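Okay, got some structures for you below.
Each of the next two complexes has subunit A plus one more chain, namely subunit B in the first and subunit C in the second.
Moving on, here comes the complex of A and B:
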């Protein structure tokens, strides 16, 4: 295997890491409130812009800017749940989906109204991002890419552990499995759900921060965030570990399509793979079959 | 006009009367007056507002199609901007490659719509709710990407210019000619639509909406009728897309982005899901809203500084209004209309007795 292949695999790995961060957000929200959050891409953009604003205000202090982005995203996620999704609980599935679409365009217009549609490059505030780290001789990965892959790895390993072992994780699982019973046992389901939304929004914001540092920042990158529902569905909407596999599949299809077919097709690749997956195995690779309302 | 109403309010004494579209002198009078007003309207409109009226007619076709699927059959679709695009590109392709006239392109768009509807509807036989929404949204992105690829390869990404068509010797060159053409098309489609809804098709679709398992048990072939609903809806949507292409005169893939999808969703939600009148009101509302906003920003001096952000504000307002309707008035404008009507019909009483 030549270096060309290995570097192509690295590109796939980095893209898959993005999808892991995004897809896990979809899964967290779906497990909490049984809603497919089509506003995820715009929540991602919003978080990334908060980070950018932090950078501008502190004139380049990365820790402060990241704190701004994460805290702001957590707050936004909780507000969205408490202000919008909680009142709509118990409505038909379609209403939830439509509400998140409406939320998405409200968020997008707010973002554009505040920061304008101009494309920014937050990486300008931080030097040394593209500094290559040599893995073996002749093969290197940039610093930001290394951070992206590491973060995704931490999420893949850490999040299931957190859900399995920690008290709050157990509460989250309880609410996801049977909200009524969980409430009976004294779990405050609304604060648990708000926490799920906040966590998912924070993960979206982190993905957005990475994307804005690596590529660019603008209101139009919501598309990247929206594509994250493809790995989530392929893996199974209620399965965290499924996301990792789904992300690898989608990233492979996307990168290979971009390399060998056409960039336009690469943009649609996640959705094409998703269509095929939905046709063959609608409940996803690791999802539970009962999740799917069948006829 | 019973099917334009949300609630029937006249007591009927025979089946023949029940089947009449306009069942009272009152309804006939208002329908005739409405038709005369619609026919006379272009003489009072400037060219600009005439064009807006034409956009409303095309939007009504799209909204009716989406309402047929989402409101009547209860199958959520997020792919309708893609279907509009497919219709528009059918026209673009036929005109570019074969220089085909309208009598060929419009039926072609219908056929493309039927095929697309079956393709997109097939997953609906296995999927419900959320998963169907996702698969139609995925279909939207795949269609748009494919069309973008086509556009890039044929016209180097510049888009397609479509000259004003003529239909059987009738040149559709001016907005006024378009107005009468589209008014006729909209009336025919509306009549067809209402008649579908009160035939066996409509009853089957509504049964599937309410409970598909029960519908199957009653002997309705759920798979067949779902596919039928999908293909009828996408065919009508592609048809609207084809008219859109001719009326706009320019087809480019950028026009069919997620905003168009949101506009159509807003039409059926704000209008009221499942109501024909709602689809019409929703289309009028959604097309007029940007103009009302522009008008308001020009009339009110203290909001002048939003000038450059009018588009964002308009899109954001769509979202806010959609959310408000979803949360507080799920029956939409049609529901509000029914309530107003009821108030006057029952006056001086407040409630109708349980069995009227």
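Moving on, here comes the complex of A and C:
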């Protein structure tokens, strides 16, 4: 068993990848509307259920189901911004955060009403994805885990580049810094923000799809999505690269706690780390100090 | 007293040439109670530079906000009067629509995106200016007028000096292809020689881009240098207007706004007294 420590690191890496996907969603929304989106977990569940519904309807076509989940999530995100967050622009940030709590509860009951509280296992539809891939002899990773790590890697490398270089990315950053000036310079700030919300909701849905394939699907898994704000906050809330570091820290703490202390503590680990981080460096690793008051 | 003696200021008075912007009898009220601007009338003729001078709290910024549509942000509204841009009434329209008409504002503060590079600051501006060829051509021309910006293309705008920020803000505004550029406090926080230099470039831009410019200024001396016409605001009213020569030669204007009076009366207390005594005017 010479690979024990390596496989432990692999578990951490997979968990961190999952947190990267979730955390970046928080950051995208925070940058657009300066709001900590506490409905992210429920948006994640909703997206995953859309994916599941796609699987049921197409009787197991993964590409179609993923398309359903992603398009549905994008639409949901845009609607949430235009219908709920835009009218709240100009009010104190706390109002927006409270609105996301209300949204979370509404989404949760809608999800339960449509799909019932029963636990599903979408992985049944795609048995072959659970097959392990042998990296080297004695060390293997399941196909779904490989996809999770790969997706997170693409996001870590791709999203910052997109924000830095592309025209829409520059507009997003401009709107985030000074919405008034952006509006004056001809940018439709509401469509830019709606796009941010859509992108963040898609990322939540992707994380939800992964979780539902890997573990299970039910309206009760929202707390998994909520845990994603720990890496985002540790990273600094407005920093995408901060999320990657934050995710690694949180995942390490969580996996080690589960392995060496007690599995029950794993659930609390992200938040324990968050508390320590808030205590030492409340503006996050890569966040700007001025952002602090706005959270 | 003397500042108004012999001068008739009527809103219907014509300035040479056709006006691109006409503000008539504007009255702006904050929170439905506080009157910030009362009976202000001004005109900006085509291809001209017009300046509105005045001290803090004179109502200059409120007038600018009324023109550019930002009053609702501060819970203010136009209660009387009208604002016409090229014959169309724009009073009370939202800012983005006014921007599409071709009125571009370079605000007093927070005028650039500090977290973006100089180049990104420029390419983010494209209202009305959708044709890439036209945009690129204008960008090149602007780099010609402001070579300092070309040199700092890839730098974050937050690291620019005050003068460079002002240049960037003006360049950004011009890339929106305005017909009328409103510059709020060009001189704010800048060294006098820098202000002088910027004013000259404003004049150059007027010719190169064929635009009209409305300069809102506290620094009357440098604004009068390049303006074709000037208004002086005080206490929410226009108290004096005229050509630069007229402004420069008027004794009281010299004393209070150009700081170059000369009868030895320099006590600030007396200045205040003077102002209070003619508050009836309007």
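Just so we're on the same page, the second predicted complex is superposed on the first by the 291 of 295 C-alpha atoms of A that agree within 3 Å, B and C clash if a C-alpha of one lies under 4 Å from a C-alpha of the other, contacts with A are read in each partner's own complex, and residues count from 1 in each chain.
By definition in this document, a residue touches a chain if its C-beta (ideal position, glycine included) is under 8 Å from a C-beta of that chain, and two chains touch if they have at least 3 such contacts.
From a predicted model like this one, the values you see are computed outputs, not experimental measurements.
Greater residue coverage of subunit A by touch, when subunit B is weighed against subunit C, goes to B.
In the superposition on chain A, A:279 contacts subunit B only, with no contact to subunit C.
Looking at the shared chain after the overlay, A:186 reaches subunit C, while subunit B stays out of its contact range. Contacts of A:94 after superposition on the shared chain: subunit B is touched, whereas subunit C is not.
When the two structures are aligned on the shared chain, A:174 is found in touch with subunit C, with no touch to subunit B.
Within the superposed three-chain model, A:105 lies in touch with subunit B and out of touch with subunit C [touch as defined at top]. Look at A:119: by the touch rule set out above, it reaches neither subunit B nor subunit C. Taken together, the two complexes place no residue of subunit A in contact with both subunit B and subunit C.
Within the complex, the subunit B residues that touch subunit A are 70, 76, 78, 122-123, 125-131, 133-135, 137-139, 141-142, 144-146, 148-149, 152, 212-213, 216, 222, 259, 262, 265, 269, 309, 312-313, 315-316, 318-320, 322-323, 326-327, 330. Taken in their complex, subunit A has these residues touching subunit B: 36, 38, 84, 87-88, 91-95, 97-99, 101-106, 108-110, 112-113, 229-230, 233, 237, 262, 264-265, 267-268, 271-272, 274-275, 278-279, 282, 292-295.
Partner subunit A is touched in their complex by these residues of subunit C: 68, 70, 73, 95-96, 99-100, 104-105, 107, 110-116, 120, 123-129, 172-173, 176.
Chain contact summary for the complex, subunit A toward subunit C: residues 167, 170-171, 173-174, 177-178, 180-188.
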